[in-house]
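Both complexes below contain chain A, partnered by chain B and then by chain C.
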Partner chain A sequence: MLYGYAGTMLEVDLTSGRIRKTPVPDDLARDYLGGRGFVARLLWERLRSGTDPFDPENLIVIATGPLSGHLVPASGKTHFGTKSPATGGYADSNMGGHFGPALKYAGYDVLLLTGRASEPTFLVIEDESVALRSAEEWWGRGAITTEKGLKKELGEEFRIITIGPAGENLVRFACISHDFGRQAGRAGIGAVLGSKHLKAIAVKGTGGLPVFDVDGLYEKGREAYLKVRAKPGFAGWTPEGTAGITDWVNQVGAFPTRNFQTSYFPGYQKINGKAVVEHLKITDKGCFCCPTPCGKYGKASTSLGTVHVEGPEYESIALLGGACVLGSIEEVAYANYVCDELGLDTISGGVVAAWAMECFEKGLLSEEQVGREIHFEDLESVVYLLEKMASRDGIGDLLAEGVMRAAAKLGRGSDSFAIHVKGLEWSGYESRNAPGMMLAYMTADVGAHHNRAWALGHDVAGSAASVHDLISAGGGRDKMAKAPVAGKAERVIDLQHIRPLFDCLGICRLQYMELGFEGQNYEELFYLVTGRRMKWDELLEVSERVWHLTRAFSKREIEGFGRKYDYPPRRFFQEPIPDGPNEGHFLTRDELDVLLDEYYQARGWDANGIPTEKTLCRVGLADVAEALKQGK
Partner chain B sequence: MRITLHLSGGLRAVLEQLPEQVKLEVEGPASVRDILIQAGINPVLVMVVTVDGDRGDKEQIIDHDAAIGLIGPMAGG
Partner chain C sequence: MSLPEKRTHACFWEGLEGRYDVLELRAIHERCSGCRACELACALANFREMNPAKSALGIEGRFPVPGDYRIHLCDQCGACAEACPEDAITFEGEAYLIDHDLCIGCLLCVDACPHGVLYVHASSETPIKCTLCGACAEICPRDAIVLEGGA
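Coming up: the complex of A and B.
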């Protein structure tokens, strides 16, 4: 028996309506744990190489982890994966909330979706019962509106994921929404659901899960929950949630401002965590079994209207507030709500809007092309662009392609400030003086995403003045020193194994990464749930295996994939930061090559950034090495 | 003054040599920033400060025995 798991994979072919239930293979659970690991392995094995992301044959894998749904702190994570319409390579994205636990209680660890329904459809899972229903009346409606409507129709106890109009219209950065404010936001997985005409999935699960040591888990799970809440970071971090980092990111000159033209936003105190608490927040909102509820549900009134919205959390603040230069937290929250309802990733949506406004500012897009004037610091411009993107109307058809493709089509040098890696827009950390973070963005498997490795703290520690310097300077310092470039690879690799491990286990990483809930706690909880004794380092070995596998997947799927896909836009290696704490700093192209060379070598990849046969065999991926050798 | 510093996970991740708690004697009054420097902690690495459980800041003057929580760099969601 696979303790911890529900034990079944549910496969739904949306073309034929065929439903199949198969056992979770023991070796899949052993070698890949769950969540991201399942996503990566199942995509590798089951997706026909060369399938277009919007082809009905593209596969969506929705996977929970062995700890999802158990009495383990913050065990509400669900992982989604597919071949990305944004990058053409590997995509996964996870969300909190309650969907994953409900799926397991219904009896399924994994949900596999293939095919394309002949009409708008939603999937209803109620324990053993699995049915496809018409979503005709919901098609074209907002993601939040649909979730609310389906809860009314089916019952509050259903846990529901939806897409908005952006997903229906195949916007390449459309997200999946859940729980009125949680998203699997990145890499366009919502658009793949839209291509399959699947508007929503509703799950109700009433079953239980096999646990290796029930009494032990109850005792240690409770203890762990309380231990997290007693951590020194808890009292300072939880009240503002992730929005609380806005001040610090500005103070160290890493806040993406005006489409990443600079890295310091003078008005940051109007859009920071304190502003969230003072001007928006009604209540905290947490995910399944979470001891540290970081969601801030609130109300925002602007000149465009009043909305209730969860957030904005830090990334939305950075990309809608900083990159688009919005002037108040209410405006950021309003734009956040518009994204949530339309089903747009707030990160990509913000970056795309900011790119369009810079194009307009530089005369590369005209009023006639756009349909009106658009400007930074203007909520109306931002909302206009978001609505156009989601509907693919007018200029929105170009923007819905994401900045990489839009810039390629527009030309005239607009690619130099199209802020992405591999086709995925950059998240909230300007990295021209943060070489570790830059390397993390360059090598993240899904594109420019921070949740594979967040190295900014280490970069700042490396570039900040020494304590002795601070003493002689009176304890204060306004400017950051140039961060050293060499020697970043090992740290970034470590981080790339740690964060994604949580995605394999099906739990939130905030308690570990941010509050310092020690790794050995997870070893113990994993043992009590599954009966498998794995040391922290052994768990990390699984995460390493998955990292090489996702790189191999992109190599298989993208013609000519390799080193050239790992570079950031020219702005980051040609333009010094114009002001703020990092004024004058940037990384040269040669420095980027130092970062990549050291990284590839430490990874055991060749000079083009492809895992070698030896490396793949070392981590248990001999079959993958063989497939790459044969060009499969 | 007897000061106890409580370091968050995010801070200890970048200051690996330091434990979760650091106790030190400091001549008071002193700002949190000065106390950090005396403890060998670069203030720029501290994102949020709590003093005896309440939100504080690095310029806050401490004139009594205190427990100071230090929250280090952390990422968004």
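Coming up: the complex of A and C.
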């Protein structure tokens, strides 16, 4: 018996409507745990190599972890994966909320989607019952509007994911939305749902989960719930949530400002965590079973109207507020709401809008091409661009492709400030004087995303200090020294194993990473849920296996994949930061090569960044090594 | 009226017996962040199951507007007992409890409950009702549910 798991994988072929239920294989659970691990392995095994991301045959994997839905701190995570329309390689993105636990209570650890429905459709799962229904009346409508409407139709107890118009219109950075403010935001998985004509999935589960030691888990889970809040990080983090880190990031000169032209934002106090709490917040809004809620739900009034919105969280503040240069938290919240309703990732959406505004500023896009004047510091410009992107109307058709493809099309040097890696837009940490963070962005499997390894703290403090310690210590130096480039690989690799481990377990990493809740707690909780004794280091080995596997997946799927896909845009190795604490700093191309060489070597990859046969065999991926060798 | 101290063991009201004439659960909605640990704890304490569908309380998120939470709790008002044709629900010291041997599963009590907190679950013909065990209040990290004693 697989304790902890619901035990079943649910496969839905949207073309034929065929539904299949199969047991979760024991070896899959043993070697990959769940969540991101399941996503990576199932994509590798089941996706026909060379499938276009928008081909009906592309596969979407929705996976929970063994700890999802249990009385374990922050057990609300759900993982989504597919072949990415943004990068053409491996994609996964996760969200909190209540959807994954509901899926497990309904009896399913994993949901696999293939095919394309002949008309707009939504999937309703109610315990054993699985049905496809027409979503004709919801097609074209907003993600939040649709979630509310479906809850009215089906019942409030249903947990629902939706896509907005951006997903329907195959915007390459469309997100998946849930619980009126949670998103699996990155890598364009919402667009793959759109390509399958699947508008929403609603789940209601009423079954229980098998637990190895239910009394022990109740005791330990309850204890953990209190212990997390007793951590010193709690008081510093939870009142403002992720938005609380805005000041620190800005003070250390890493805040993406004006499409990453610079890294210090003078108006930061108008868009920081304090502003969220003072000007917007109605309530804290937590994910399932989370004692330390990051979510702040509130209300914002601007010249364009009044909206209710969750957040903004840090990333939305950084990319909509910083990169687009908005002047108040209300304006950031409004743009955040527009993204949420349209089903756009706020990170990519912000970066794409910022790129367009810089193109306009430089005369590379004309008023005629855009349809109006667009400027930084102007909410109307930002909202105009977001709406165009989501509908692919006019200039939006170019922007909906993301900055990499849009810059390739526009040309004239616009690629030098198209801020992405592998085709995925950069998230909220400007890294020209943060070589560890730069390396993390360069080597993240999904593209320029921070959550695989947040190494900025290490760059700044030179230690493995917790985020809480860093924030308490403050930044605020007038001038940052140039950070040393050598010796970054080890810490980045450590982080790339730690954080994604939580993605395999199906829980949030925040309690560990940001609050300091120790690893041995998770060993114990994992044992009580599953009955498997695994040491922290053994758990991390799973994470390492997955890391090599996702790299191999991208190698298999992207023609000519390798080192050249790991570089940032030219801005980051040619333009010194013009002002702020990091004035004058940047990384040269040679320094980037030092970062990559050290990293590849430490990883056991060749000089082109491909895992060697020896490395793959060492981590239990001999079959993957064989497939790569045969060019499959 | 004073609040009992937070304990670290289940059924923490046991130690309060004799100190108060009445114990009751009280919801402070503004403190709730919707994590639903109370639902998990309730099902664990009463059924030893990891299953929030078997809890005797409910957390309602009112989104997108007005954007807040409502905690739906049993306040031991006794409307269920009045509605029961079999006298299967009786006041036992602290709480109205269902005698599941006497209960015929007519579910009139579910309809009669003014707070909508008597629950039906497919695994049982008889409804699920709050036993005032205090597990929800005990786990709530924000004291949005408190077990209060009164004279």
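Everything below uses one rule, namely that the second predicted complex is superposed on the first by the 616 of 632 C-alpha atoms of A that agree within 3 Å, B and C clash if a C-alpha of one lies under 4 Å from a C-alpha of the other, contacts with A are read in each partner's own complex, and residues count from 1 in each chain.
Criterion: contacts are C-beta pairs under 8 Å (C-beta built on N, C-alpha and C of every residue); 3 or more make two chains touch, one makes a residue touch a chain.
This structure is a prediction, so every number in the text was calculated from the model and none was measured.
Using the contact criterion defined above for the overlaid structures, shared-chain residue A:454 touches chain B, although it does not reach chain C. In the superposition on chain A, A:513 contacts chain B only, with no contact to chain C.
Once chain A of one complex is fitted onto chain A of the other, the partner contacts of A:223 are limited to chain C, with no touch recorded for chain B.
When both complexes are overlaid on chain A, the residue A:69 reaches chain C alone and has no touch with chain B. In the superposed model, A:314 makes contact with chain B only, not with chain C. Once the two complexes are laid over each other on the shared chain, residue contacts for A:244 go to chain B alone; chain C is not touched. In the superposed model, A:231 makes contact with chain B only, not with chain C. Put simply, chain A uses no single residue to touch chain B in one complex and chain C in the other. The part of chain B that touches chain A in the complex is made up of residues 6-10, 12-15, 20, 31, 33-34, 37, 40-45, 47-50, 53, 55, 69-77. Put simply, chain A touches chain C in their complex at residues 69-71, 98, 101, 105, 127, 144, 148, 156, 179-181, 205-209, 211, 214-215, 217-218, 221-223, 225-226, 229, 282-291, 293, 295, 297-299, 308-309.
Of all residues in chain A, only 231-233, 235-237, 239, 241-242, 244-245, 247-248, 251-252, 294, 313-315, 318, 427-429, 450-451, 454, 456-458, 460-461, 464-467, 470-471, 475-477, 510, 512-517 touch chain B in the complex they form. Listed in rising order, the residues of chain C touching chain A in the complex are 8, 10, 30, 32-37, 40-41, 43-45, 47-54, 60-61, 63-69, 121-122, 138-139, 141.
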